[in-house]
Each structure stands twice: as C-alpha cells, then as structure tokens.
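Heads up, there are several structures right after this.
You will see subunit A twice below: alongside subunit B first, and alongside subunit C after that.
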Partner chain A sequence: MIGIAGNRVAILVAALAMLALLFVPLAKSDYTNALFRGILMYGAMSYGWNVIGGYTGYVSFGNVVFFGIGAYAAALLATHGITDIGLSIVAAMVAAALFAVVLGIPVLRLQGHYFGIATLSIALAAQDLISNIDAFGATNGLSPKAATLFGAAVPYVVTYYAMWVVCALALAGTYAVSRSRLGYALVAIRENEGAAAVLGINPTKYKVIAWAISGMMGGGAGAVFVYANSYIDPATAFAVDNNVFPIVMALLGGVGTVAGPLLGAFILTAINETLWNHFPFIHTLFFGAVIVIVVLFLPRGLLALIAARRSWSLYVQHLRAYRV
Partner chain B sequence: MQLFFQDLVNGILTGGILALVALGFSLVWGIMNIINLAHGTFIMLGAYVTYQLFVSFHLDPFLCIPIAFVVLFALGYVTQLSIINYVVRAPVLTTFLLTFGLSLLLENVILLIWTGDTRSVTTGYSGAHLDVGGITIPLVKLLTLVIALAIGGLTQLWLARTKLGRAIRATSMDVGAAQLTGVRVAHVYAIVFALSAGLAGAAGSLISVSYAFSPSSATPFLIKGFIVCVLGGLGSVQGALVGGLVYGIVETFASQYIGAGYADAVALAVLLVILVFRPTGIMGRATA
Partner chain C sequence: MKTRSLALALALAFAAVVAGPSVSAVRAADDTIVFGAAVSLTGSLAKEGHLTQEGYDFWKDWINAHGGMKVAGKTYKVDIKYYDDESSPQTAARLVEKLIDQDHVGFILGPYGSGTTFSAAAVAERKKVPMVEGNGAAERIFNQGYRYTFGILSPARRYLEGIVDMGKAQTPKPKTLAISASNDLFSVEVQQGVVDYAKAHGIDVVYTAKYPENSTDVSAVISAIKAAHPDIILNAGHTNDALLVHKGLKEQNVQAMIYGYSVGPDTPDFRNALGRDANYVFGSAQWSDAVKYKGEKGFIPSAPQYAAEFQKKFGHKPDYHNAESTAACLAFQYAMQRGGSLDTEKVRDALAKLDVTTFFGILKFDSRGLNVFKPMVVNQIQNGELVTVWPAGLAQAKVAWPTPVWAKR
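Presenting the complex of A and B:
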C-alpha cells in the first residue's frame, strides 16, 4: 500500500485518463464505445470492491450482488414505465446500499475466510432466489425499453456517458473517502480492528458504511448495464466474471489505492480482449494463468511496482514472502 | 411417514458423498488455512478420469476409484510444491484468487479435452435397488455411502497412527513447534494438499456413478464442501462426516418441502445463519 491517499501523481493521471475517456464516443465506433464502457463499468465495480476489500480489509467475494441488485432495480423500474436513466442510477444505488446495510450488520461480524464465504454465498443465493421469482422474470430475465432522460428519448450513446458518470463518481468517492476521517477509520480497522475500537472507532458502524458505499458503486454500474445491454437475467447479473474481474483489477492496479482500480480495469480489459480475439477456446485458461501470475508476482499491484523502481528484487521478494 | 423415512434415507445417502467431497477440502483448510477454490474442479477431474476409463477400457467405475485417487494425488502434490507453497502464509485475498485462477485454468483444460457436454457413467447395475419396508435404496448410492465411509475411516486411521499422519496433525496445531521437532513443513503441506486432491478424485469417481456432470458442476460441489465444513468444523474426519450427513438430510428435506428450485438457496441461507451465530461450526473447534 502506498500511503493512505495513494500516489498523488497516479491520482492525477487517473483523473486525466477519466477526462480523456469523455472523448471516446467521438470515434463513432460501436465497438470502441462498448469496449471502453466495459472498462468504466469494471472500473466502478473495482472501486466498489476496493472500498471494502482494499481500504477496510474485508475481502468480499460476493460484491457482484450489488451489481445484480442495481441491475434488477433499474429493470424493475423500467417494467413499471420509469426509464429515466438518471433516476435509475440513483434508485439502484439506494437499493444496493440498503441491501448492504441490512446484510452487513450480521455478516460484517465475520472475518477472513468466513467473511469471504458468507459474501460468496450471498451472491449465489441472490442469483438462486431471483431465478425463482416471476416478478423478476425468473430465469427468462427482463428486457427494459430504451433509456430516457428528463422525459425525452435519448440516443444509445448516452449509456456510455452514464457509465462514465458512475465510474467518475466512484473514483471521486474513493478519493474523498481516502482523505476523510472515514478513510482513516477504515484503514485503522484493516490494520488492527481491536486497536481501532480502543481508539474510539466503532468498527461495526464504519464497516457497514464502507460496505454501503461499496454497494452504491456496484449498483450504479448495474443500472447502466441494464440499459446498455437492454436485457438482464440472473446468469448475466450475477456472472462469476463480474464477481472476480473487479477483484483482480484492484489487485493488479493496487489494493487500497485511489488510482489502482482504474489502472487495473484498463490493463485487464486489454488483456482479456486480446485473449478473446486470438484464443477464443483457451481464453479462460490464459485468464486463469494471468490471475495466478499476478497473485504470485504482483500481489501489491503495479502502482507499488512503479513506486519501488527496483523491480526485479521486488518480484523475488514477493515470491519469497509467504513461502514455508 | 413412509415419505419421511424415504427422505431421511435419501438424505443420508447424499450425505455420504458430500462428506467425502468436504473431507479433502476440510483438511487443506484446517491444516494449511487455505480455502482451495479449485477443489470442485479437482472433483470434476476425478469424475472425468473415471468416465474416460469407463468409456475407453470398460473399467467398472468403482474400480476406477484408486486410479482417480492416484492421478489427482500426483496433480495435487505438484500443484502444491510449484504454486500453492508460495502463498501458504499469505492473506485470504491472495489464496482465494490464486486457487480461483487455478480452477479457471483446470476447468478450461477439462473443456478442451472432454467438451462442455453433460456426461454420466451408466453401468449394468445402475438401476438396481433394494426395497426395505417400502423404502427404496438405490444399490449404487448405498455402495457409494459405504465406500465413502471406508475412505473416511482409512484417512482417520492414517492421520492417527502413522508417523506422517502425526506430523500433519502437529503441523496443524503449531507450525513453528512442528518445525523445531524436525517436521519438514513444506513436505507435510504437499502431502496434505495431494491427499486432499486425491480424496477429491475419489469423490469424483463416486459422483460420476450417481450424478450426471459437466465441467460447470464444480461450483455446486465446492459450495457444498464449504457448507459441510462450516457445519462440521475444520480439519477433522468426524467433522466432515457429521457435517455431510446433516447437510445431506437438510438438503433433501428442503427440496421436498420448499421446492427443488430453492434447494440451493435454502442451503446457503442455512450456511449464513450458522456462520453468523456459530462461526466455528456445530462441533467445531476454534480456528483463525
């Protein structure tokens, strides 16, 4: 971890990259739009995971549940005639945050492996439940109408800008958290929960707040995804990829940093896209290998590697660190 | 009442195989403090090895159990020494992601070799069953339960009586102290991981006889392994047995009275409730 606020240069670069991403639709290519919208979506989800898994140290393996809840909140609103994309994002964020608070109070008492398993089961159980409830379209899913904004129909490219807004909010939110009392409290909990409690930090309160923020980021991404994809079913909403990509992205960029998730989203999407295009049948195999390599050689992320400069000794150091 | 006893018997029969599914998983978790997310994929590999031997050489699936065990044991040993050993003491995030990456990799290998089609191993005696007072007991499932119990018993005996078994138990209690007494911890961990993979292979052989399977069947078995471990506590044969039987019965009754579509959701709800109220399992001992 590179200090609580992360490397200032890295944050500046991330902010500039976000600004540059505003101009992607000028290329007028549907493929490019979809590709970069994917980066923004995973970026937002990775930021969401980073708040709870990175800053707070509670490694969630079910954060996809917020994405799914956000997606279904937007899709349900749409089936009741409310297709305003701004309103959908807000509603999705609220729904995901409420879910995080209600479940967080019992589940955030668990630690380590047990928290990981509990969150994984929440995601699986949510997928199972929605697959059985007709109001959510069961396994057939829901297909909302095209998005509107303030009552007017909008072109499809608006889904790109909406995803940009969600990711920008997630980045800005992470920056704000990292600079606030909340952020310091979260890091204190991560480093030593008992000591943090002794210092007057209420761990339960802060952990629940962190998970709610985490949920809002994922939920917002889910709402926009529904309109970009114009269809949602349980298998898509709670896909394993959507669960694990954000984690690997945060790890690749730098866990518990402001710039890390966006950097990770860029690089991993690039790797993933290349593998898909060139090796469609053994794409997962390579992807699994990428995860193994990142975990073994870059457990502290690329940002730490850049900061450390003496890169080769760092590889060896990482490899030796946890061996018996 | 008859239905009740039929469900109970079905639950126990399912529980036997679940106990074996969980046993290997539980050993690695309890002794090495690693959650092996590739365990489900190891099980599937065992099932596919059995399927291939059955199709190519018409070998009886029950005779394939030792072969699947040995193949997976070797794979587990190599995996531990070449990869897992570097993250044994790493935080949860590292081990979770690493084993998840491994499972992706292995699942893709399975897909390449055996495609994504659903497979099953159907023998001449697959449909045979006993009839005890109106309760039907499929012969294959009964045999599976007996073999699962026997394998569990052998494992327990091996852990309790052999020198290596004692070294394993010592390592699980205190790594530092075990090292001081001359235990080669890296070797012990490799054996534990290999044994766990071998048990997964044996479980896979047994599963191939009773259930249809595809590469994506790995996740449900992994999740059930979790649940059984949490129910029974970690790192012990008895825990896996009790957890497996309890869970098998709960699952059978849940699908009977709540609906088969909800069976997994109910199981996960049970898991969550137990985790929240009794995080070390029904008969568990405290572990980190």
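Presenting the complex of A and C:
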C-alpha cells in the first residue's frame, strides 16, 4: 500500500490543481473568483474536518464553530482598526486552535456518537452565545471595512489569493500530518484507541492536537470569508451549509486522504452550481439526492472508486463494509 | 491510468462550473431592460420570498402588458432574472455577484430579509450597481455609508410607533408597555425603536426581553409578561413569532388593552390559524390596500385598484410584502424615466433625487438611501377582517376599543 497519505498520483494532481487555481483571477471576473474562492474555502474547511473526522476517526458535526470563531476574530480585530488580512488569518487560526484545545480536553474524551452530539451542540451554543454578546454585534453582526496588507489598502481580489493561501496551507498541513508520527498516531487511534494507548500513544493529547490543527484550517477560512463577504452575523458564521458541506466533500473525495477534500470541494461545488443554474426552484432537492447517492454508493469516496476501477469485487467490498 | 481518470474528473468538474447556463444577458441593446434579483425561494424565508417575487412579477407583467416603459423617448420591455438565495446571506452575496458579473445585469432588486439584503448591499456597493430593496428594513444597512443601496421601506425603528400613537389617542389611556423580540437584526431594531419612542411619550416600559430566533417555545417570556401587568403587549418578530406569542398569551390568559405585532396580523395565515382569537389584534404594516395615496402617472395609481388587479392575477389579496416589492420596482421605473437614462450611474443619481407618490406611498430617500418619509399604518383585525385604523387620515374604520376578555372576542 501507499501509507496513510493516499494515492501519490492523486496528491500530485491536487497540488497541480492548486497551482492552476492561482491563475483563476486572470479571467478578471469577480463572479468566477467568488466561485473558486468558495471551492478554496470549502476545501480548507473540508481539510479541517478530515484531520479529526477522517484521520482520527472522530466524526465532528460542529467544525463550523472554528469557521465562525475565525470569522469573528477577524471581524473583532477590524472593529478595533486592525484590518491586515495576513494578521487576521493568523489571529483567527490562533483563536480557533485555542478554542479547540480548551474544549477538546473535556469533549474529546467522549467517543463515537457522544462526541458527534457534543460537537453539534457546541456549534449551536456558540451561535446562540455570540447572538447575545453586544461586543460581537449580537444578531446585528459586524461589517468590517476593506482589508489591508502591511498597512496599504489592497484590491478586492486579494481575498481570493488569501483564501488560496489558507487552502494551500490546509493541504500542505494535511500532507505533513500524513507523513509524520502524529499522522500514524491518529490513524492508530482511529483503528483501535485501546490498542493505541497500549502502544504508548496518549490518545487525549493526540486527539487535542488533531482538533487544534482542524480548528486552524477552519478558522483561517473564516477570517478571509469576513473580508470577502464584508458582513458577518451569527446565522452566516455558523450556517448549517458550512457545517455539512465540508463533511460531504471529504466523504465524496475520500475520507482520510490528502487529495480527497479538495477533489470533493471541486465536484460538489460544480454540481451545486450547475443545479441551481438549471433548476432554480428545486435545486436543493437534486442536491439532497446527490448527497444521498454519495453516502450510499461511494462510502469511501471517489478516490477509492478510481482505485477500484477494473475491480468490481473491491467496489462491492467497500459497499458491503459500510452497509448498515 | 489513474492520473488520466483523475484529470478527466477534474476537467469535467471545471467544464460544469465554467459552462453554466447559456443565459443571453439581454440588455438595453435589444430593447429589454433586465433587472436581477436573488430572492428566497427555499429556506426559512421562502414564504416571504415568494411574496416578494410575486410583487416584482406583477410590476414586470403590468409594464409589459401596457406597452413597456418609456425612457428618454424610447420604449423598453422589462425582464427580471431570478436566483434562489436559499434564505442565506452568504448565497445572496454570491448570486448578486453572479447577476452583475455573468448575467450583466445593471440593476438589482433586493432580496427578502435584512440579513440577505445586508450582504447583497455590500456587493452592489463594491460593483457600483444600484440596488433598490423593499424587504430589508434594518437601519444598520443604511448606516454603512453605502451610495448604491436604496430602501423604500419605513425603517425598522419606526415599525411599532404607530401602535403607541394610536393607543395614546384612546380612553382609557394605556400607561405601561411590554415588548418581547426575536433576536434577529430586524426585530431587535424594532424593539429598540419602540422602547425609545414609548419612553419619550410618557409610557412606562415595564418589560423588555429578547428570545432566540426561530424559538418554538416562548412560555417563559409570556409568564414574565403576565407578571408585569402591562397595558400594551407588543412583539417584534415575524409571522411565526406573532402566532407563538398570541397563542401563549391566550393559554396563560394574559389580559391587556393592546396586543400588537410587528409582522403577522397582516397575513391571512395569522387570521386562519387563530380564528376568533385574532380579533382586536393590532399589526403594523408598511402598506394596506385601504391607504388613500394618489399615485402619479405611469402605474396603477391607487391601493384598492392595485389590490383588485393583483387578486385577479394571483388569486389572493396582496399583503404589504407584495406591495413593497412592486414599489421597489417603481422606484427604478420613475428614476429611469425622470433621469432619462439607463446608465447605472445616472440611475443611481436619479434615485437619490427621487420624490414621487405611488399607490404605496411616497418614495423618497434621505442621504443614506433610506425612505424615512413614509409613515407606517396600523391595521386591526375586526370580525376576522383586516382593516386600517391608523393614522386617522388614511384609516378605513374606527379602532375597536377596548379589547374584551379572551372569551368574548
């Protein structure tokens, strides 16, 4: 096999795709930028989910909380006059990682469904909490002015490049994790936490580290989103879409792989965009059907399907393994 | 081999994204003015989103059926390109970007709701494309220094002022007020506005509270209101809030002189769901089909006439969501006709200078782009019918007063 990073060729293609994405703004269309910025944003968030949900096997239903915290960290800095987008990203990542550590120490002791439910309620609670804090703009939200970089005003397209950087960091971070002792420790925890502990891996410590990394990826995306959208309120920061899409994208691409989340973000965004272009009234219905099909027939994602090409028995094995 | 299939998959995804639909962005060139709108056709605001779309469509079809719209000596048909913003501000922003960039739409009609309108306004501002909105009343949208967003609504802060004024004109005079609010951008502004107004007009505010948006149980709020014994009970929220609060007040048998809601009594759903309990309830509204404005030439001049034609087309009476959406289109229409140009910048300038009376009321904007010149009306449900009772000059009927006990309504 090829280790826990996944198919090497797929990683190479993902890296090349990232390089190609650098040239999107040459089309000089804000809409195209917004579309691909969405792919990069969901890509980064999907990488974030993948570290904890994919590699570590702790299925989180509340990772949107990191996106929201990152967004609010950046927006709060902006209300205090700090609009440097680089600084905002770093601050957002730090804030999200801190939150993950503080929360992870109790929550990551839960396992399976209990962990999933706890994370879901954290996301809901965070939304309600921020809705009631006036310093965060409560439900009125916050609307930062345009971004700057090193003290100079920058054109709007910088939000695209900033999102690219966040997604590239998430991809590179995932690759680094998958090649490191940390990555193997996480996979060991996923496969058998008890056995991992016997081997001398401190599960709580590694899980908290994984969640902090996960948080950084989502938080960075949130910081850039604030400047791309010029407005953030709790309903947007903790939107259900932003919670569910990254999970489905990782599932579609390939859970616990380096290329999967980006591939998933690409394809799901393309499907979503095409559907609402052609079926403006019932696109959500079709989109829901796509998600059901992914979960039913591609339990290990497209990368596994591609690997299993030529071999129906392998594909059927995958299906059987995940049938309830 | 694997590389090939992966590359193929990626290429397909790209193609699907980039190709999109083949929308011909018809513009002034072939005599059609195209407007763009991202409205909520699905999601939590879908009901109001559909009302918005009906209001826009009514105007579009009326103009086209009456030979089109004359601007600077030339006659144009009008068309509206719609997308579904899924009731999400994030999606609304992206769609407005798409309308302007991909579909080359030069004029934006606003979405439904303050949150979606806020993020759409940010895009319109960045792209320097004028947007007229009739469905986002939060004043905050207009405090950003935006130049390209115009709101035809009376602002949120003024929503419930009319009910306070109306109450003060009755005998016996109500002296105390309680107000609960859904914790959302619009409702919180409504609440702040009426609290300030009541205090300034000598009414004692004995209870204020916010509860989470989309709550399904407000019984704790109701108990607290009951304990405060207010003469006026108000709620700032949307239709579901009004239903929830009013049912709760009945369950706990809370008696007051005035029950007033920022949104709700105006919709048939409210009356159908509550039956006799809906009687005597007050609702504030941007518009009612009884108001007596005389509109200028170019569109249906009076509210009753608008209501009749609307009913014929859609099979139901228009509520104010319909009317305010139609009015947003009218702002564009008069601005284009008076400015004598379809240039986006000139249309913006004409909007800023606009001063016109329509079936909906006056359309005129302050320097922030907000229509502070139009008063709200107060409706009351009397024997299952919605009638306009305030301000006196626009009223259809007298206020039914005082409100009897629950069993006798």
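Here, the second predicted complex is superposed on the first by the 306 of 324 C-alpha atoms of A that agree within 3 Å, B and C clash if a C-alpha of one lies under 4 Å from a C-alpha of the other, contacts with A are read in each partner's own complex, and residues count from 1 in each chain.
In this text, contacts are C-beta pairs under 8 Å (C-beta built on N, C-alpha and C of every residue); 3 or more make two chains touch, one makes a residue touch a chain.
Given the structure is predicted, the values throughout are model-derived calculations rather than measurements.
K.L.:
Pick one for A:Gly116: touches subunit B only (first), subunit C only (second), both, or neither.
P.N.:
first
K.L.:
Could you look at A:Leu296 and tell me whether it touches subunit B, subunit C, both or neither (first, second, both, neither)?
P.N.:
In the superposition, A:Leu296 touches subunit B alone.
K.L.:
Of the two partner chains, subunit B (first) and subunit C (second), which one does A:Asn132 touch, if any: first, second, both, or neither?
P.N.:
In the superposition, A:Asn132 contacts both subunit B and subunit C.
K.L.:
Contacts for A:Ile85 in the overlay, against subunit B (first) and subunit C (second): which applies, first, second, both or neither?
P.N.:
After superposition on chain A, A:Ile85 lies in contact with neither partner.
K.L.:
For A:Ala239, select first, second, both or neither according to whether it touches subunit B, subunit C, the two together, or no partner.
P.N.:
second
K.L.:
In the superposed arrangement, does A:Thr284 touch subunit B (first), subunit C (second), both or neither?
P.N.:
both
K.L.:
Regarding the shared-chain residue A:Gly53, is it in contact with subunit B (first), subunit C (second), both, or neither?
P.N.:
A:Gly53: touches subunit B, not subunit C.
K.L.:
Please identify the positions on subunit A that touch both subunit B and subunit C, taking each partner from its own complex.
P.N.:
In subunit A, residues 128, 131-132, 281, 283-284 are touched by subunit B and also by subunit C.
K.L.:
Write out the stretch or stretches of subunit B touching subunit A in their complex.
P.N.:
29, 33, 35, 83, 85-94, 96-98, 100-109, 111-112, 175, 185-186, 189, 219, 223, 226, 230, 259, 261-262, 264-265, 268-269, 271-272, 275-276, 279, 288
K.L.:
Quick check on the complex: what are the subunit C residues that touch subunit A?
P.N.:
Spelled out, the residues of subunit C in touch with subunit A are 1-3, 5-7, 9-10, 13-14, 16-18, 20-21, 41-42, 82-84, 86, 88-90, 93-94, 97-98, 100-102, 115, 118-119, 122-123, 126-127, 138, 140, 144, 183-185, 188-189, 210, 212-213.
K.L.:
Flag every residue of subunit A that touches subunit C in the complex, lowest number first.
P.N.:
My answer: residues 7, 9-10, 12-13, 17, 29-32, 34-35, 38, 128, 131-132, 138-141, 143, 156, 229-231, 233, 235-236, 239, 241-242, 263, 266-267, 269-271, 273-274, 276-278, 280-281, 283-284, 302, 306-307, 309.
K.L.:
In their complex, what parts of subunit A are in touch with subunit B?
P.N.:
Residues in contact with subunit B: 53, 59, 61, 106-107, 109-110, 112-114, 116-118, 120-122, 124-125, 128-129, 131-132, 240, 244, 247-248, 251, 255, 281-285, 287-292, 294-296, 299, 319, 321-324.
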